[in-house]
Amino acid sequence: MQALQIFLQNWIYLIGAMAIFGIGLYITLTNENIFKIIVGLDIIESGTNLFMTAIAWHPKAVMPIYTATNQLVVNGKVVSADPLPQSLVLTAIVIGLGTTALALTIAVKIFEKYGTLDVRKIKEAKR
Amino acid sequence: MNSNIIWLVFTPLIGSAIAAILYRVKFLDRLVTFSTFAITLLLLFSVHVGQSYTFNLNFMGKIIPLSWNVTHLSIFMLYISVAFGTLLTFYSLMDKSRMKGFLLLLILAANNWIFTTNDMVGFFFAWELMGWASIVSVLGGRDENSSRHAALYYAMMSIAGSYSMFFGVFTLWKLTGSLSISTNVAYLSSIVGMHPWWVLGIVSLFFVTFMIKAGIFPFHTWVPMAYAYAPDTFTPFLSGVMSKYGIYGMLLFLPISLMEKGMPAAFGLPWVNYIFMWIGVTTAVVGTVLAFFQDDVKKLFAYSSFSNLGYIVAAISLFSSVGVTAGIYHAFNHLLFKGALFITLAAVISRTGTSKMSEMGGLWRKMPVTFFTFFIGIASAAGIPPFNGFGSKWLIYQAMIKQHLPFATVMLFLASTGAFMYLFKAFHSVFLGQRSARYDNVKEVPVVGQIVEYLLMFAMIFFGVQPGYILKPIGAIVSSMGLKPLPTMANGYVTGMFSNVYVPLISWSLAISFTVGFILFFISAKHKYVSQSDNYTAGQIPEEWNLTPETYQFSWKFYEPIEGIFAPFFRIKIDGFFRGLANWTAATSSAIKEIFVSNAQIYAFFAVAGLIIFVIAGWVA
Amino acid sequence: MRNDTPALVKRITALSLITILLIGFFLAFKEMPKGSAVNVNQRVSRLYVMKNVETATKMMENGKFFAKGIKPLRTDVPYTPITFGKSKNLEDGAANVVTSIVVDYRGFDTLGEVTVLFLAATGVAMLLFGKEKKRKNKTEPSLIMYVGTRISFAIIFLFGIYIFVHGHLTPGGGFPGGAVIASGILGLFLGKNGYKPNHLGLKVFESLSGMAFVIIGLTGLFSVHSFLANFLPTGVIGDLYSAGFIGLIYIAIGMKVGAELSAVVNSMIVDVEEEWS
Amino acid sequence: MNIFNNAALLIGVPLLFAFSIPLFGLISKELAKWVTLLTIGFNASFSFYILFAHKYPTMVVMGNWLPPFGENLYIGPVAAFLVFVISMIGLLIAIYNLWAIKKGDVIRFSVLFLMFTAGASGIVLTGDIFNLFIFMEITGISSYALAAFGPERRALGGAFKFLVVSSIGSTLYLMGVTLIYTQLGTLNIAEIAARINQTTPGLLTFAGILIISGLAVEAELFPFNGWVPDTYTGAINGVSASLSGIAAISAVYALFRIAMTVFGKSGGAYVSTYGKIDLMALIALLATATVIIGELSALSQKNVKKMLAYSSMAQMGLIAVGFSIGNKLGVYGGIFQLVNHSIAKSMLFLIVGVLVAVGVGENIDDFKGLWKRNPFLTLTFSIGAFSMLGFPLFGGFWSKFSIVAASVQRGGWYDFIIGLVLFASVVEAFYYLRIVAYMFASDVELPKVKTPITPAIPIFILAVSIVAIGIFPQIVGTFSAQAAGELTHKMSGYILHVIPSIAAH
Amino acid sequence: MIIYVATLIVIVVIMLALIAVFSKKLLSAIIASGFVSLGVSGLFFFLQAPDVAITEAAIGAGLSTAIFIIALKKVKKGESKDEE
């Protein structure tokens, strides 16, 4: 059990993150529908955020917030999870939202003007 | 440190700026062009051999010295180009062709800079400036589509040429660390012994550029189109002066022309010179043969001009004292008589409105002065003694025979007889023969043009009779190149190696016999004016011959039988290679355009695929 | 790779590319400290957690921070233990270390972040600009929906404000707080067809709160000679007024994000007639 | 290390006014456009002051936390010069926009345009690797929205392609930055650059490839630049001018700041990078492919705007070749060509914009006989075209000269690279001269076309600056020489200015 | 002990992502991606990152899905409008 637990602690979050990243990329690369591509992009963003938070965690990590009961620094060594990548993820999530909102608006306008959501048909007549 | 050298470059630049501003008023623009040429000519008198000037340019993060110095060769070239330019712009004062003055002045600035510069940066800068200015001025020709096509063809060749010089300049800069021409040429000749192939590589980079500009054999295909479709008053400058830049470039690099022991000799010449001589000879022959069958008179003279270039190259590549003197002398003569021919043609075309020989004919009564200039131009181009063409051709043959190259000399003889044939065809079909009704009200060139034509006639005869005045400066050039200059006794003599010719005696005898014949012609012959249509067929015009006024003009298919002889050679198209390259580029471009398939997903695929390739490269490396 | 390559070929190539990419990632992960090997003390965030960046800066200035071979000696930067509710005027008063990084230590990122969201919202509004079209047959939400959303909006709004006011004490902050408010407003949209929020109010509110954030930064520049620097005292860690200007900034961010996201939702829900003619 | 914190206004003031433009917009649309113009004008004059009062190299510390712990903006010779160029081109395009943007949502367009320029100068200034990501997103998102603006439907298609490819790119960049953070534990560019060789080579190479690919999407290198033709052709001309003028500068700067300073090995005549493969050689390969593909696909275009799009992609390749040579002369040529390209290309796009608005079409045959119809625009177009080709008397000559000089000087298979590039630029000469030839053809009689005044001002200023640089290369040359010094010597040029005590003992 | 719960959630999230891949209807893909965000925000809780968890929940699960569905409505309405 011990070895499995250590393996899981080291790898499960990374495997999860990379799986989500891979699936998101797969959706973006193989689907014709624009909305599916944007969904793929959204899933890639979640995968990346999970990866960035995964590297900030270690098994005996503690929430990086000072509270009455929560001791972040134990005899001179920081035991909390790494707050810096978490702050980066905060920003990355909101950027993901911004990009998705803009992508959706463009998708809606494309549907309005091109009349189709198929990415292969969004092109100008080849003169 | 003579700052006048710099003024040689700046006055044309300032003049071209003024001309560009005054572009709206046609006459003012031409006046400014002419006056700038004249001022530059005056400035030239204050510049002497041996003076130099350096200007420090803060470029590429360090101080690059741009240096000018004046050698015998540059003074000679400057004088003939600026003098001819002044003459041309004086002529174009009254000419209405769409020649943009400020572009010609830009070319003049580049011209002065090329001839006097001693550093590669300046040389390349001026070369490119002259390149693009001439490309844009070729654009302004009479017939839109073909002048655009010609300009683009010329642009491609000259830009490709300047890029090969780009390479040469920087390989030299890497080797010697200095950008000045003299040090580099000295360095090249110092290491020619050790590894000749390396030197051959670099020099051929430069020689490709010069051959393109001069229109020598493999790169001559742009010449007929560019000369024919350029504006009429620009062609004289294009063919007379600009082709000499190539020759000047070759003369710069010639002193290291592998004369040293490094190279195996063939027929007493290093094999590179031997090949180069053969290239010159083939250019001469190709030019002559192709010139036979042209109907457009400007194209005909375009072919003839690059065949004369072939003569010059053949002479220079011998690199013997006679050869180089003959080459430079022929360059000067070619500038003179080709310039005269093109100026008279400009006059004829501006009067008749067409450049097709089959549509011209019998103009000599209407334009006598132009007729005489044209006649003297034709005669000197063919090399008839009293006129200036004779001396240089004679010297070229002297040089060839002295170098024991019998076969090449025979080819050159063939080329010059061919030259006489197409020159006569042009002369006869433009001026002699029957004049069609269309040109009844054709008037002579206005006074300004006539003055220019008289000057040209006088120059051709003077340098024909007294070649000494030209041979003395050429001698100085040849001795500055380390060869023994030709002994020129009195001004009249042209001395080859074996025999010398007292030219004035010959010319006087010819003049006398010519005038006697002329008088007899006037006294005896009862000639009456015969209209064009009734001389061929004695009155009737049989229907089955379906003759049209054009076909009356006997210059129509003048050399048809000869064309038959040379027909098999026409299948190998010289510019097939370049046309093939152009088609290949167009094909690849439409193939590559397919990559941008305007589908967002495929672009994402490309991005990820590119990333994967580099990840794999990361593992492999 | 043409437009019309069969889907199967595209899928297989995509799959193979992704597998190679993931193999590359996992090869890199082998060399990356993960799980128990992650040691926050080797990272700059040790100084953020222990809030002793000033001591580290003084050490660096007299050259003791970077040892030979440019090894940063982050672990032996002296620190004073921080106890919740007692240690006073630390260099950065926020109890939530993530918030202190987001707003104080790396505040410039968050300024950029707010602009990104602002630009996204402006972009969405710009592309969906036009006169509103009446849409006829749209199912009218039921009364329960209408009344329910109105009541729950008050509670959601209050909860959102709580989140970003206590940003420096409890997890969450400007962004989640604003998002909660926006979802509350989204409820209002779903509650009634053609619900029209006060456009002018939203736009002015959004701009003012954005400018508030930048003005706080500029006051930092003029008062403490450094852009986005904390110019307010940082009281006792754990109190409501303990984090200097962090509270102000998070209020500005919360309001801005709330107004912005509701504007985005508003411009997306409404049907628009483009007027390019 | 002198700290000049007031320079934070370069970012602070545009942000402040960006947020306030919707309020100004309530008063009047024109006021919104003028506010954008004046703010970019402020940025331009402030950077002019920094550049010509020689205040650089200096640093802006954010929040009173010194660099490796807090964030900083580093204003060295590169940043000062590029911010000035970006702001000047932004100012001129803003003047053009006064005239061009009348319909649609003008207020929000001016907000996005202001933040696009401020984001670009942010990329050039920032000294923190995550902050670089944020500013890339700011420029990115505003360029997606700007590219999608406009009545034509191809704008939307182009913007969507741009969005998909570059959001994948920025995700890869983020992944690479995170990987490096796990081993080095810091996000400050200077510290990462100093300690990059303390990372394990496998991770370093992989992270390097991820980051370079992420940045290569913006810098339009070969496999990543599929979006360029559609976005540039789709967007309205003011936007394509700013994309090719401003976004290009910041993208190339970001790519080579990371490739040369962060990953670069200091010392040695030519900058090469750590890790198993030399990223500079990789970029050189990509750049050559971009040049050839860009030029060849531009050759067969009949639409002038599409041709300009391909040609700007190809010129970006040429600039990347210049930088990737790695010696001082190559970087000098790269920066000089970058500035020349931005000036000339944005002018060309503005001219096409005016021509389209005034009624002349976008195709080559509509350009026939333009000289008779509008001499001013024809002349400026030819000046721009000649500068792109590198003809003397125009800016482009000097920069192309130094790039070829540097690459021949480096020798090896760089000779081969520059041979291909020169072949490609002969092709480029063909299609540019084809347009110029069409314009000067005079056998077609068409009505005269008058140039409106407001757009004529920026076009005139840009044309004059091209010729001025052509005649006096020192104007741009001195600054690019200092900038080349900073980029090629990473320790003395950048790191020791940001963290002086990093290598004290 | 908790790591097993986390592994479970990771597997659930991967299953949801696969649903998003293979779903034919767009709506199910969008809802699946919403749940992926929810699952990920749950994982953040296990990774001791409460701030990120709340933000991911509020923005990722909440607003992203909402915006997706609103946009889908506009497109769906458009499609139905064409058929009339």
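A, B, C, D and E label the chains in the order they appear, each numbered from 1.
Operating definition for what follows: contacts are C-beta pairs under 8 Å (C-beta built on N, C-alpha and C of every residue); 3 or more make two chains touch, one makes a residue touch a chain.
Source: prediction; values computed, not measured.
Enquirer: What does the chain connectivity look like after leaving out chain E?
Expert: Connectivity without chain E: one piece.
Enquirer: For chain B and chain D, what is the smallest step count along a path of chains that touch one another?
Expert: 1
Enquirer: Quick check: more C-beta contact pairs at A-C or at C-E?
Expert: Top pair by contacting C-beta pairs is A-C.
Enquirer: Based on CA centres, what chain would you say lies at the far end from chain B?
Expert: The chain lying farthest from chain B is E.
Enquirer: What chain lies closest to the overall centre, CA atoms only?
Expert: D
Enquirer: Just give me the whole-number Å value for how far the CA centre of chain B lies from that of chain E.
Expert: Here chain B and chain E have centroids separated by 76 Å.
Enquirer: What's the distance between the Cα centroids of chain A and chain E, rounded to whole Å?
Expert: Result: the chain centres lie 11 Å from each other.
Enquirer: Need the CA-centroid distance for the pair chain A / chain D, whole Å please.
Expert: Distance between chain centres: 29 Å.
Enquirer: Roughly how far is chain D from chain E, centre to centre by C-alpha average, rounded to an integer in Å?
Expert: Taking the mean C-alpha position of each chain, the two centres sit 37 Å apart.
Enquirer: Enumerate the residues of chain A that touch no fewer than two other chains.
Expert: Answer for chain A, listing residues that touch two or more other chains: 9, 25-26, 28-30, 37, 54-57, 59, 61, 63-65, 80-81, 84, 86-88, 90-91, 93-95, 97-99, 101-102, 104-109, 112, 120, 122-124.
Enquirer: Where in chain E do residues touch two or more other chains at once?
Expert: 49-52, 55, 59, 63, 67, 71, 74
Enquirer: Which parts of chain C, given as residue numbers and ranges, touch two or more other chains?
Expert: Correct list: 3, 10, 14, 17-18, 21, 24-25, 27, 32, 34, 38, 43-45, 96, 98, 106, 109, 112-113, 116, 119-120, 123-124, 127, 171, 173, 175, 264, 268, 274.
Enquirer: Which chains touch which?
Expert: Pairs satisfying the touch definition: A-B, A-C, A-D, A-E, B-C, B-D, C-D, C-E.
Enquirer: Provide the residue numbers of chain A that touch chain D in the complex, in ascending order.
Expert: Spelled out, the residues of chain A in touch with chain D are 25, 28, 34, 37, 41, 44-45, 48, 51-52, 55, 84-85, 88, 91-92, 95, 98-99, 102-103, 106-107, 109-110, 113-114, 122-124, 127.
Enquirer: List the residues on chain B that touch chain D in their complex, please.
Expert: Interface residues on chain B, with respect to chain D: 57-61, 106, 121, 124-126, 128-129, 131-132, 135-136, 139-140, 144-145, 148, 151-152, 155-156, 159-160, 163, 166-167, 170-171, 173-174, 585-586, 588-590, 592-593, 595-596, 598, 600-604, 606-611, 613-615, 617-619, 621.
Enquirer: Which residues of chain D touch chain A once you look at their complex with the stated criterion?
Expert: 130, 134, 137, 141, 144-145, 148, 153-154, 156-157, 159-160, 163-164, 167-168, 171, 174-175, 178, 181-182, 187, 230, 233, 302-303, 363
Enquirer: Could you pull out which chain B residues touch chain A in their complex?
Expert: So the residues of chain B touching chain A come out as 598-601, 604-605, 608.
Enquirer: What part of chain D is in contact with chain C in the complex they form?
Expert: 5-6, 8-9, 11-12, 15-16, 18-23, 26, 60-66, 68-71, 103-105, 108-109, 111-112, 115, 119, 122, 128, 130-131, 134-135, 137-138, 141-142, 144-145, 148-149, 151, 175, 179, 181-183, 185-187, 191, 194-195, 198, 200, 202-203, 206-207, 499, 501-505
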